[in-house]
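Take a look at the structures listed below.
Paired with chain B in one complex and with chain C in the other, chain A is shared by the two complexes that follow.
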Partner chain A sequence: MNVERLLRTLLLSDYNTRVVVFGTVALGIAGGVIGVFLLLRRRALLADAVSHAALPGVAIAFLVLVALGQSGRNLPVLMIGALVSGLIGMGCVIVVNRYTRLSEDAALGIVLSVFFGFGVALLGIIQKMRGAAAAGLDSFIYGKTASMIRSDALLIGVVAVVVLIGTTLLFKELRLITFDPDFAAGDGWPVGTLDVTLMALVVIVTVIGLQSVGIILVIALLIIPPAAARFWTESLRLMAVISGLIGALGGYLGTAISGMAPRLPAGAVIVSVMGAAFTVSFLFGSERGLVRVLLDSLALRRRVLNQNLLRALYECEETGCTDSADGQIHYLSTARGWSAPQLRRWIRRATRQGLLTTGENGCWDFTDHGRREATRVTRNHRLWEIYLLEHADVAAAHVDQGADLIEHVLGDALVAELEDVLADRDALPASPHSLLPANEARTS
Partner chain B sequence: MSVDTSAPATTSDTALRVADLTIAYQRKPVLWDVDLVVPAGVVAGIVGPNGAGKSTLIKAVLDLVPHASGLVEVFGKPYRKQRSLVGYVPQRESVDWDYPISALELVEMGLYRKIGWLKPVTRAYRSQALAALEEVGMADFANRQISRLSGGQQQRIFLARALVQDASVYFMDEPFAGVDAATEKAIMAILLRLRQRQKTVFVVHHDLETVREYFDYLIMLNMRVVAAGAVADVFTSDNLRRTYGGRLTLLDRAVDAIGGIRQ
Partner chain C sequence: MIWTPLDTWIVAAAAIAGAACALSGSFLVLRKMSMMGDAISHAVLPGIAVAFILTASRASGALFIGAALVGILTAVLVQIIRQYGRVDHGASMGVVFTVLFAIGLILIEQAAGQVDIHPEHVLFGSVELVPLYTIRVLGANLPRGVVVVTIALVANLVVFAALFKEFRLATFDPELATTLGVNAKLMHYLLMTLVAITTVASFEVVGSILVVAMLVVPGATAHLLTRRLLPFLTVAVVVAIAAAVLGHLAAIGIPPLFGFEDTSTAGSMAVVLGGLFFVAFLFAPEHGVVAKAFARIGLRVSILTQDVLGLLARVTEGTASTSTPRTTTDTLREYRRSPFRRRRSGLQLGLTLLRLRGLVRRRDGRYALTGAGRDAAAGILRTHRLWERFFFDEAGVDLSELHHAADYLEHYTDADLQGALSEELLRPATDPRGRRIPE
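The block that comes next holds the complex of A and B.
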């Protein structure tokens, strides 16, 4: 039966659901897109302070409405109250920051808790004063999507469109001030004005999100989608698109699930769905996800091992220990401290990769490809070793170790530069190892 | 971008004039009464001990920190009117290198002023940025995310971004800090090229041993200007002692540098 209800919600079968889903999806998109810039500007906690600071504004707006003999449940007026007191909160953070020696986190903590505490106190007064009329005001704390009506959803839709147009037009400018505000200011851009524009969009999204997600959790709409999107891409444009999509997904699924269990606060469900999307991104994100990072470091480790093996075999050949397979193994394990079974495993892998082959006497020999690779690796290594000896104040005893680590991240371009640098210094000086003829290695 | 009423001009022989500049953070003065007149076309080093206010001087000139008092003129006009003549290379540590942006996109930022408000970066601008990357030897890394570059490579794309600004006066905050030999060479080549193009360059610098090699003008700073002028005139042991105080090891190295003994 629940499944049936879930399906009805997911497929937007009835009108009310359509309205609420439209509203939460638009909210998710708006929060996700503007949140990207908020996160990159490192102002996420400021937005949190703003949302908490909105509560006394809601309460005061309610009290004013009642005092004027109106119904307290006039949403636009309550939102204006939220907006004003949220902005006052933001102003307080900025003032405390600028004119005291308190650090920014302290300023944020003070403003956030004082404003929120004040708001909760006012709610207490309201509830004692007029029980029935005040009912539902606390939905601002935890959020309630069910009460969303058509005009609310439309308002959210308009805000979402404004956010999308604004960030598209100002994409270049927002990128500039979120990446390098000093450069932007030096370049003549009005960083302060752009910052205010960004924060204004953030505050507007926060305020329209208050009713459905609640003061405590609205910040999640702005932070979780961009943080999750970052795991999938290295491009700001794509990050904004993915973040908006994750926000939309959170709004859609969150609304559907909370529709199934109406007692669950919608905000909490939406945020939980986004949390799940974050977890998936964190684990499986194609650019920075944990699995990707682990696979990359595993691949790097293998490459390092392979290169070490090739270089060791190359040096083994230079010293003429290629009589027998056992001789090779013995040389490698004594020179390198590798165990024989380990060695055999690595050699088998290198053979599978076409780097090594079994030659006469059962010895391992390089394939043509393997020899080129071994020559390159050995030469890179020695160049780097010389570089460290020549240029860096590294104790000579540490050089080999450093070289082992760094040569594997050396790109071709850097190696070429290194050769130039060393060539400038009157050709390549003698290395601790005997050196290859430069031509042979260069053509490889 | 606000349109200047008078077009920026480089007619004056004086690239930078600073008068009575005083900077204070939280009532603690960082720079006192700085007076400078720097001719156009020089590569000027700014040296001084840690905390001498070298970076602050640059930031004050660029209007990035509030002035307690003072006047800054670029080519004879107030800085605010001459902004488009000025290029800036901030300290490398001042930005988040994990930011989702490629080397090419970072360099394009130097062109935003020319592109103007709200307009996207077109292909013509992109190829300009690419040419600048080429100039600093980084064309192969154009599409790489910037955290996947070495420190020296990051410094070079910062320089490329300043190059595309096509400014007349450049301010560089410690471009030589923590870079590899290849980058050091690349930066020197760029400084040389900028000098050939009659640009004026200010470089915050730490290494006294290379002062004679890199610069033809020197500003010695320790919360106030100790000396400023042609390197040959002001880079003396006397001025060094007045700039750095009595720190002996440093002084020894400096005296070596003055004696022309280089490694």
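The block that comes next holds the complex of A and C.
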């Protein structure tokens, strides 16, 4: 029944819908882009304090308007009130932080709750005023996206454009103060001014977002899209683009879904959609997503196992224990402490990957590719062992463990350097220690 | 302003809620996780909403269980996102609590038609309505809100009294706590549960946002006043109770002064809490801004007077004590090592202060040390020259640089250090330039 309504919203059939969607999408983009820097500077919750601190400003602006005989619903004036008291709140956080031994989050908690309480007390007064229509003020707390009119949407659009232009022009500078403020300061950049510019943009976006998504949820627009974007890329530029897109998507879909049924507050739906986008990114993000990280670590573990197996088989061959499959298994399990079933499973996998093959008398032998790989791995291991022996004064009994840890991550460049140092370019050096398992080495 | 029995119940509910919040909040402040209180108080909204929808009533056990579960869920989610997603702590809290709050808001809006619940009540509380809903407890008709926050307060008291040592250890030295067999992780989640329960119990009274003020501000105020845990908790509880009483008085008393009607008690409580914090911020005996400023001024004054005393002693050194003072301010200014050669201010102030203390006398614009002034000045010269001796003999500092080093240290050297210095140098009689070191 509501699918039709959803479609109508998604396709922007109504004028009102177009206005609201334009506004929320612009807000999502502005919040997403500027939020990237906020997140990376680890100041995400400062925006929370700022948005809460804006409430008394709204209430005072309303009271002043009424006292002057005006209508209290003059949006630009209310927003200026919000802006001023949001800035005062931010100043208070900085002062408490600087002049007390309280931690930053205590300063944030104090400012946001006390300012908000002041705002609530003022609202309590306003609601009981005779004749003054206080309706509309609570839209600052929960947000009234649906009541957005053309001028509101245009204001948001202008701010979004300002934010986009500002971040594009100042991209290099913002990147510098985001990742290395000390270096930037040492290099002569006006870090303080840039920081103030960034925070001013944050406060502005927060304030224009107040009316549509509300005080409590507006920080979601600044935090969730960048946090989600972080899972997809390591590049700041790309992160800003993705974050803006997620913000836009949240605004678009959230508005559309909230139109499907009555009593679906758009601000809350927008934040929920962004939350869903965050969950997807957290799980499946291509760069830092949980699945990707788990797969990477699994792949690494398999590669390490494979290399260990190849080297062990190679050493087995060197010591001449290759007359039968049982002999091989015996050597490998005593030398490395692997259990026979484990070994057979790994060997099957290596066979599937074309590294090993079954030779005469059921023994396992290397394929050509497997032999190259085994030689390389063994060589790396021994090069490192010899390096540890000759240059790091490690006892012969301990070099095996040291080399075991590092051999899997030796890159080509490092191997070349080792070859230079050890001047043993082509040959595969003999192992500097006995290859027989400890108990057999003693008896032989 | 008229005080009725209703007001008494309102203040009682607010004070008890405040005390409960102050207790668990103090540990949040000490563990530098104040914003976790903010996150949990927002995030319990869906728990409250679901419990309401399922049981269609307010104060029920389901509410507490729902809240406790969501509280732990919040802490766990924040931890997961932080650990596995490598997201900054603040941002992971921001993500979790905004999304949970949004879901809770949607649920409440959806249920608003069927259940007696409004977002305003959850967000701002309705302490004014507390006396209206009563239940029978032990044969007496008590406001339900008061009973609920009392249960929360008792829960806090029991847990912290039973695990006082463990909480103290896990708060101040988690590593040591782990070594001694206290499970720091368990303590963390226990505290989170307690915060969630306290928050839910109090939300009816103060609402889910102002409860943050009750959690964080009393503890933060106590943090400025004391360093010991038990006084810390006491101060926090006292601050919370005072804020309840003063906040309600302000709510019903102040707006009428400006021709308005009364206002929200919860809001004014938060403002009063902020005011109390501000007072502590300014006037805390040790860490207050004013105390620190006074300490700085006191130090500067003592350095100034010591400089002037030392200068007078050097200028008049060697001349016999005469009854007519001969030193003018110009002489003092132009003396070779005078710290006032370029600095115009300070000298006059220092001389005036010394005259008030009876260490310097003046006649016809000329100055001289009094008897007591001579003794005090001799002490300063002695310290100065002992330090010069020390730097010259023991540290091989160049003659031309001796003065600055000694000049700095003489202000921070007490009698004990002076005696030790003299013993260390085998009671020298002269400084490196051969001038006498006064006794």
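By our rule, the second predicted complex is superposed on the first by the 386 of 444 C-alpha atoms of A that agree within 3 Å, B and C clash if a C-alpha of one lies under 4 Å from a C-alpha of the other, contacts with A are read in each partner's own complex, and residues count from 1 in each chain.
Heads up, the rule we're going with is that a contact is a pair of C-beta atoms (placed from the backbone, for glycine too) under 8 Å apart; a residue touches a chain by one contact, two chains touch by 3 or more.
Everything numeric in this text was worked out from a predicted model, so none of it was measured.
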item	value
Touch count on chain A, higher of chain B and chain C	C
First (chain B), second (chain C), both or neither touched by A:A220	second
Touched partner set for A:A200, first chain B, second chain C, both or neither	neither
Which of chain B and chain C A:F231 touches, first, second, both or neither	second
Partner chain(s) touched by A:L264 [first = chain B, second = chain C, both, neither]	second
First, second, both or neither for A:D187, with chain B first and chain C second	first
Touched partner set for A:M239, first chain B, second chain C, both or neither	first
Touched partner set for A:G117, first chain B, second chain C, both or neither	second
First, second, both or neither for A:L12, with chain B first and chain C second	neither
First, second, both or neither for A:G275, with chain B first and chain C second	second
Interface residues of chain A shared between complexes with chain B and chain C	101, 230
Complex contact set, residues of chain A against chain C	39, 42-45, 48, 52, 96, 99-103, 105-106, 108-110, 112-125, 128-129, 138, 141-142, 216-217, 219-220, 223-224, 226-227, 230-231, 263-265, 267-269, 271-272, 274-275, 278, 282, 288, 290, 293
Chain B-facing residues of chain A, complex	40, 101, 169-173, 175-176, 178-180, 182-183, 185-190, 230, 233-236, 239, 387, 391, 413-414, 417-418, 420-421
Touching residues on chain B, where the partner in the complex is chain A	1-2, 26, 59, 62-64, 83-84, 86, 88, 90, 94-96, 99-102, 105-106, 109-110, 112-113, 115, 117-121, 137, 140, 145, 150, 161, 165, 171, 180-182, 185
Parts of chain C lying in touch with chain A, wherever the complex brings them together	29, 32-35, 37-38, 42, 81, 84-88, 90-95, 98-99, 101-103, 105-106, 109-110, 112-113, 119-120, 123-124, 207, 209-210, 212-213, 215-217, 219-220, 223-224, 251, 255, 260-264, 266-271, 273-274, 277, 281, 287, 289, 292
